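What follows is a structure written as structure tokens; I'll ask about it next.
Just so it is clear, A, B and C label the chains in written order, and each chain counts residues from 1 on its own.
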Amino acid sequence: MLEINQLEKCFGTTQVLKSIDLSVKPGELVFVIGPSGSGKSTMLRCCNRLEEPTSGSILLDSEHVTECHGRALDKMRLKIGMVFQGFHLYPHKSVLANVMLAQVKALKRSKPEAKARAMEMLEHVGLAHKADAMPSELSGGQQQRVAIARALALDPKVMLFDEPTSALDPELVGSVLKVMKQLRQEGMTMLVVSHEMEFAREAADRVVFMDGGVVVEAGPPEDIFGNPKSERLRAFLSRLQPTTAA
Amino acid sequence: MSNFIDLFFNLDIMAQAWPLLLKGLIITLKLCAVVILLGLAGGLLLALGALSPRKWLKWPTIGFIDLFRALPPLVVLIFVYSGLPFAGLELTPFMAVVLAFFLNNSAYFAEVFRAGIQSVPKGQPEAAQATGLSQVQSLVHVILPQAIRNVLPDLLSNTVEVVKLTSLASVVSLSELLYSANMARSITYNSSPLVLAALIYLAILWPLVRLISRYQRGLAEH
Amino acid sequence: MSFLDTFFDGAVMAKYLPDLLAALVTTLWLSAAIVIAGLALGLVLACLRTLGRWYLTLPIVAFADISRALPPLVVILVFYFGLPGLGIRLSGPMVLFIVLGGVLAAFAEEIFWAGLTSVPKGQWEAGRATGLSFMQTLFDIALPQAIRLGIPSLVNRALAITKMTALGSVIGVKEILSVSSSAQSFSGSATPLTMAALAYLAIFLPVVIFARLLEKRYT
């Protein structure tokens, strides 16, 4: 489904990603962990070309994401949903308009059609009753769920999540994770960067540990958390949960 | 005192001058419409150029903006009106005024738009592009509405300046409001037509000036 | 005639250079006088407004509004052509100084006032609570913050208004534009206009660039 081959990314002279290989199979949830600055966000942002990869290729359903330009790139991005740490809802548009905008302008759906689909997605994330609210009137957790609905309404093939719960108050995290679990059950292909280890244990098919711009270790959650092989992963986990590690 | 009223607030002379001033006012309003629209359009394009990541576009655009921020508009006007004919380009006063003020106003509007666009967080266009909107769609539907809302007081106060600026057209004998008033003054040897013109400008611009002050105070309090 | 001969005629340049330099000096000192007087008056008016007496506030607001709403050229013409009828005969430079200084004062008053109203109430209370008088709080605590906030707008406004000294050409002030305009009609060459543009750039381009740097520092 999503294939990342020998992806490299440099900012000026510093190399942030060093030959990343990673593939996500249809219906799989791949979970990415790693210390701050290890290049997790950069990798996700390369997948929909918000960052331009320095070299390497990215394929979605064996189509080259990295070789698209102009309109073709816009079309390709429709198939790749992205959820940001900071939500990035459009503050000047209502919740409903947020979910409708790209449907109408990029997917060229008719307004009634887009509206029906938007309401369906808002229903899905439990926020249909907020359709006419402005983003500023919602809690962080609600905003993030609207952002998920905005991405889902475009019927993407894969969803990228970049620390979707990091900006939320602890009591709001659960509502967003619940929506993500539900998505996974429906068979959505997902690539998730997050620090919610509990969620990874429960829901991930595979966990990828990145450090210093490389994939250090990858495997099922039981192995990664229960039997970490590399020293770096052990150190990372023990720093994260000093009580459970050892 | 009666001398003062006679010289500056002479109702008879104002009434006589009124038809002439009205004609001038209509030309002023037309001129305003043209130069405001052109200035907004040019300013937006220049702002986009100045914010472009392409250096060959960015720096010449900033140079152009700074050039016309440094030159007095009247100098640009005189240059266009009396200088360009030497290069074989003869313009009517109206065209000369439109061209000169287009250059001046687009530089000023560009600065306002640039500040507005820069005030929109980077995540906004990224979110738009991640959902498949093109750069132009992201600009039109996501960035500009927020940018304009953020700099509305500056856009308004710039527009007030543009309206005031149109009075300079009188210098190249375009028969707008101030030219007509000054003409009436020189015929009647009385300043009342000028005062009447001032009152007309006040009637148009005072509400806007009040609005701007309100708006700025509102922003400061938040 | 080539473009260079028309707009950059060396002989014409040499001939009118002394006149233009003298005009440049006129523009410079007029600008300096306008900036100093305008900012000072604006500051005084904003301070008077903090006293909150309606008989002060009302005329200050009226003055600031009217001066910001009227095109300066209208006022210049009224002063220059109208006042002699009352026996008040002002020279061209004087009219320019009074009118543009007044306009700058109006804008400066608004900028200082906006700055003063955005100084948090807690700052005033802290000043008064530590035993400072109203005046001491104003001058030592509120005003420095307000001035800092207003500097970028003040620079831009002062720039826009000093550029209007070119309006002096309409009432015979021998500043850059009027001197070069008459040189242009005497010489029949566009070169003096080019010289005028260059002279203005020499004065104002550094200010524009300075304003850019200021803005960078403040945002």
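In the analysis below, a residue touches a chain if its C-beta (ideal position, glycine included) is under 8 Å from a C-beta of that chain, and two chains touch if they have at least 3 such contacts.
In this text the structure is predicted, and so the values were computed from the model without any measurement.
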**Request:** Remove chain B hypothetically, without shifting anything else, and describe the chain groups still held together by touching.
**Result:** A | C
**Asked** Of the chains shown, whose Cα mean is nearest the mean of all protein Cα atoms?
**Response** B
**Request:** Can you check how far apart chain A and chain B are, centre to centre, with Cα atoms defining each centre and the answer in Å?
**Result:** 46
**Item:** Inter-centroid spacing, chain C versus chain B (mean Cα positions, whole Å)
**Value:** 18
**Message:** I'd like to verify one number: the distance from the centre of chain A to the centre of chain C, where each centre is the average of its C-alpha atoms, in whole angstrom.
**Reply:** 54
**Message:** If a residue has to touch 2 or more other chains to count, which residues of chain A qualify?
**Reply:** none
**Request:** Return the residues of chain C touching two or more other chains; collapse runs of consecutive numbers into ranges.
**Result:** none
**Request:** Show which residues of chain A lie in contact with chain B when the two form their complex.
**Result:** 48, 50, 71, 74-75, 77-78, 80-82, 84, 86, 88-92, 101-102, 105-107, 147, 150-151, 154
**Message:** For a test of understanding, state which residues of chain C touch chain B in their complex under the given definition.
**Reply:** 1, 3, 6-7, 65-66, 68-75, 77-78, 81-82, 85-86, 110, 114, 117-118, 159-160, 163-167, 169-170, 176-177, 181, 184, 189-190, 193-194, 196-197, 200-201, 204-205, 207-209, 212
**Prompt:** Across the complex, what residues on chain B touch chain C?
**Reply:** 3-4, 7-8, 66-67, 69-75, 78-79, 82-83, 86-87, 160-161, 163-168, 170-171, 178, 181-182, 185, 190-191, 194-195, 197-198, 201-202, 205-206, 208-210, 213, 216-217, 220-221
**Request:** Spell out the part of chain B that touches chain A in their complex, as residue ranges.
**Result:** 121, 123-124, 126-134, 137, 141-142, 145-146, 149
